[in-house]
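What follows is a set of notes on a single structure, which appears directly below.
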């Protein structure tokens, strides 16, 4: 029997249909510009209080660092908590810009409103770099009395770890700046055109004549892609350096090929958590619900869930090999990093970074909310801190004179943090947050043009008898 | 005796209208349904959005699989206590691999059972059907008793059905 | 690059069901030819079982050779299916649609093939039952679950069962379609298999939700399978080069690299053989190649870490092994070929848009990858065993016999044979996914441009 093809659909736009609330409404471009630029001025008194508090904490941390340099300078075993702090802030804040890279390269629309805030966190690398300086001073030499310790620098000059870790960190700062600035031009232009006073002048200088021609947009996209790729590679490289030079190679006999990747994976997991917390605060205190929808929380927490499972996978991949190996160095690894003096950090860390977010984020209802993912993120960050304490305090507690042993024969005792360690941690954290806070005063924390672009490519519609939305995917 | 009446449409919107007129004609939800050769967005025909309990199946399967695996691995280890590689008789980390695989296997199998069950398959008596549905035609099917069948058919016809089939 | 076009359902049915309803002329001779080789292969395996493993090149100290390499290779290929099907389904990538079925199928058939290799390698395959199944109640002898050699069959059978069921569930709507298009015994077959599928909203919803749920369940299995295969090696500290913590993710990402490349090979063949130009388009190859650049580079990073941390310990035997693997004849030749074909040549090609959109070049680049990845497994497994170690008084290097090479070749024909056989009865491209992309595909007018868009349900 002859039959004919039928047109599949009848769609008519219903952008202004107010009956339904489940789909986020579209916002006019000029409203977006005005509202987002206004966020740089919002809540002045509250901002000032917060800024001063963070500033004072940062100052206290700096003083504590100076005190520690005087008191514990020269004793490597006392610097484990500082190393853990460096690893923590680098992992958490350095991982956040990944949110601005991978989904954007994969053309995921939902990530667009997040790209700016994620990129801003790369500025925290400044604190990481500064705090690395005292650690570099305490790294044991590569060669002592003609004997070379194990390191990734094999036959390299004696200052290789010191030199390359600084180079790597500076490259990361440049890459972060490139990532941030390459995507910020249109917004500086928007500030030039829509704000007043020093911000307008600043916008004019930074916008560098941006008017938004087709060529400008095209080159900007290309630059973002390149800066993103550059940041990603530098990010992996820095993890490789920090995890080996400041962790693994301080322990004789610790040979663990997966460790840099484990480090990077948990960093991306924590970076996602930092992004979730950032947009949670933005929604709550800057009233940005119009731009930060539950969809963003949902998508981020799905990724966070995946990375939480990956943490478990990377951990067990290393653990089972050591557990089966049963050589002295294998047993030493388990004794030092799992069963021994830091078992409390291991158990609590695994609970917070893996077990609890796993069983929390597994529920779709939790992921489809703002508070659920925020709680999951907090759990992950606590877990990350404990995990870094377990790894770095244990590694730094090995006395430098034992570094040439084939494997560690005697497990050092637990080192507990003293007051300077706690203050340094708080100060470093406050310093990072202060930098981020200051930048959100200079430029909107949500990228104006990205949000406009998101709106342009998103369209709620009526589809036959139901509601749906269209997402455009330009090439 | 219940009867199944099928109205065939080529225009999806007319099929959606037919669903509306059946609803207005007092037929209870769940007695009529729309048949398509491709998934449409949920609720496109104004149909009753089906509820399901698929998510319970994998959880149930996982628990069974885990228990079974725990039983097998621990009992066989204890029953044949041969020390190999210096490992303890009850080696948790070795058992973990098998626990994991059997848990997942059981979860997958029960999910598949769940999909089939919740899809109400196998469907031995499918009622009125037309092969052109898999060619892009749209069927609106209603099961009703003999007396109502002609009324239902007339409703479908007036909504623009090109053909009516009964079974 | 907007290659999507409007195709009505009748045309879709006619073209994508041409393998079943209008079998191409080349099909029967090809299948008979392949079937002949398959039978010879089974005869050769029979001879090997009868004569014993002496007919292979395996000898002290190399007892794991080409069979185990090929086992790892096929398990690797099997990772294509779930990677493509599950990850792309979860991320709602539109370009997955023509790829999923073929990828899942590749998983099933390559796993079936992979399973045969340890069986052959065992010499007396029936004895494997002793160490896998806990059945010997009379003597109270049970499997040693502390051995990774037990984990393998458990993981692989889980993966095989799971992916077969996954394949079947996603086949249901198309079976209903075939039932509507056939008569006679074929109709009877499809009627039974389709379980009375009608295509109501409930069934479609379960198809979608079930697909996502199964994807989410299959992903962790997929990761575990190759990890467990890698632990066959990694938990053995006695062999140099094997005892590395990175093995699990390294094997998994290598498997994804080779598996996705195998999908590219297969897609090109499908496009050529069944003339599915409208459905398998250059844009799909482009997307796969972009994905492969990322996967291959990730894999390279893992390879780099594996090497760095092998020499990191500065243990003399390990250093000697690496020197042999990379610099000594004939291993260096294999190593160079592996690096060139596994990464340098294909990724160099994929970086160019021209190549990504050229199906013939994509086909050859994907073949290169799998040559490289086979060599990678060979270089991981054999050199560590072949090097002279203390207390081994007889040793020689390993040279696979002609019979082993034949069986490697045979396994390729066997997989092709199974694929073609499947393609005679079931569609290789999911029809309902194609139709769904027609229903859900749209465009948004922005200024003067029409930008391709996709419809998403509000929930």
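Labels for the chains are A, B and C, by order of writing; each one numbers its residues from 1.
What we mean here is this: contacts are C-beta pairs under 8 Å (C-beta built on N, C-alpha and C of every residue); 3 or more make two chains touch, one makes a residue touch a chain.
None of the values given here were measured: they were computed from a predicted structure.
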Which chain would you call central, comparing Cα centres to the global Cα centre? C
Check: interface with higher C-beta contact count, B-C vs A-B, is B-C
Note, CA centroid farthest from chain B's centroid sits on chain A
Roughly how far is chain A from chain C, going centre to centre by Cα mean, in whole Å? 34
CA centroid of chain B to CA centroid of chain C, Å: 29
Mean-CA-position distance for chain B and chain A (Å): 42
Overlap residues in chain A, where contacts from two or more other chains coincide: 3, 5-6, 8-9, 320, 324, 326, 463, 466, 468
For chain C, residues that touch 2 or more chains besides their own: 8-10, 220, 438-439, 455, 457, 459
Set of chain B residues in contact with two or more other chains: 40-42, 45, 85, 132, 135-136
Name, in rising order, each residue of chain C that touches chain A in their complex. 1-2, 8-11, 91, 94, 220, 223, 227, 231, 234-237, 243-249, 301-302, 305-306, 308-314, 438-439, 442-444, 446, 451-459
Listed in rising order, chain B residues that touch chain A in their complex are 10-13, 16, 40-46, 85-86, 93, 96, 132, 135-138
Chain C contact footprint on chain A (complex, rising order): 3, 5-6, 8-9, 11, 20, 22-23, 106, 108, 150-152, 154, 236, 240, 255-261, 309, 313-314, 317-318, 320-322, 324-327, 330, 456-457, 459-461, 463, 466-475
Please name which positions on chain C make contact with chain B in the complex. 8-10, 13, 134, 140-148, 150-151, 154-155, 157-158, 161-162, 165-166, 168-169, 172, 176-177, 180-181, 195-210, 213-214, 217-218, 220-221, 224, 228, 432, 435-436, 438-440, 455, 457, 459
Show me the residue ranges of chain A that touch chain B in the complex, using the header's touch definition. 1, 3-10, 316, 319-320, 323-324, 326, 463-466, 468
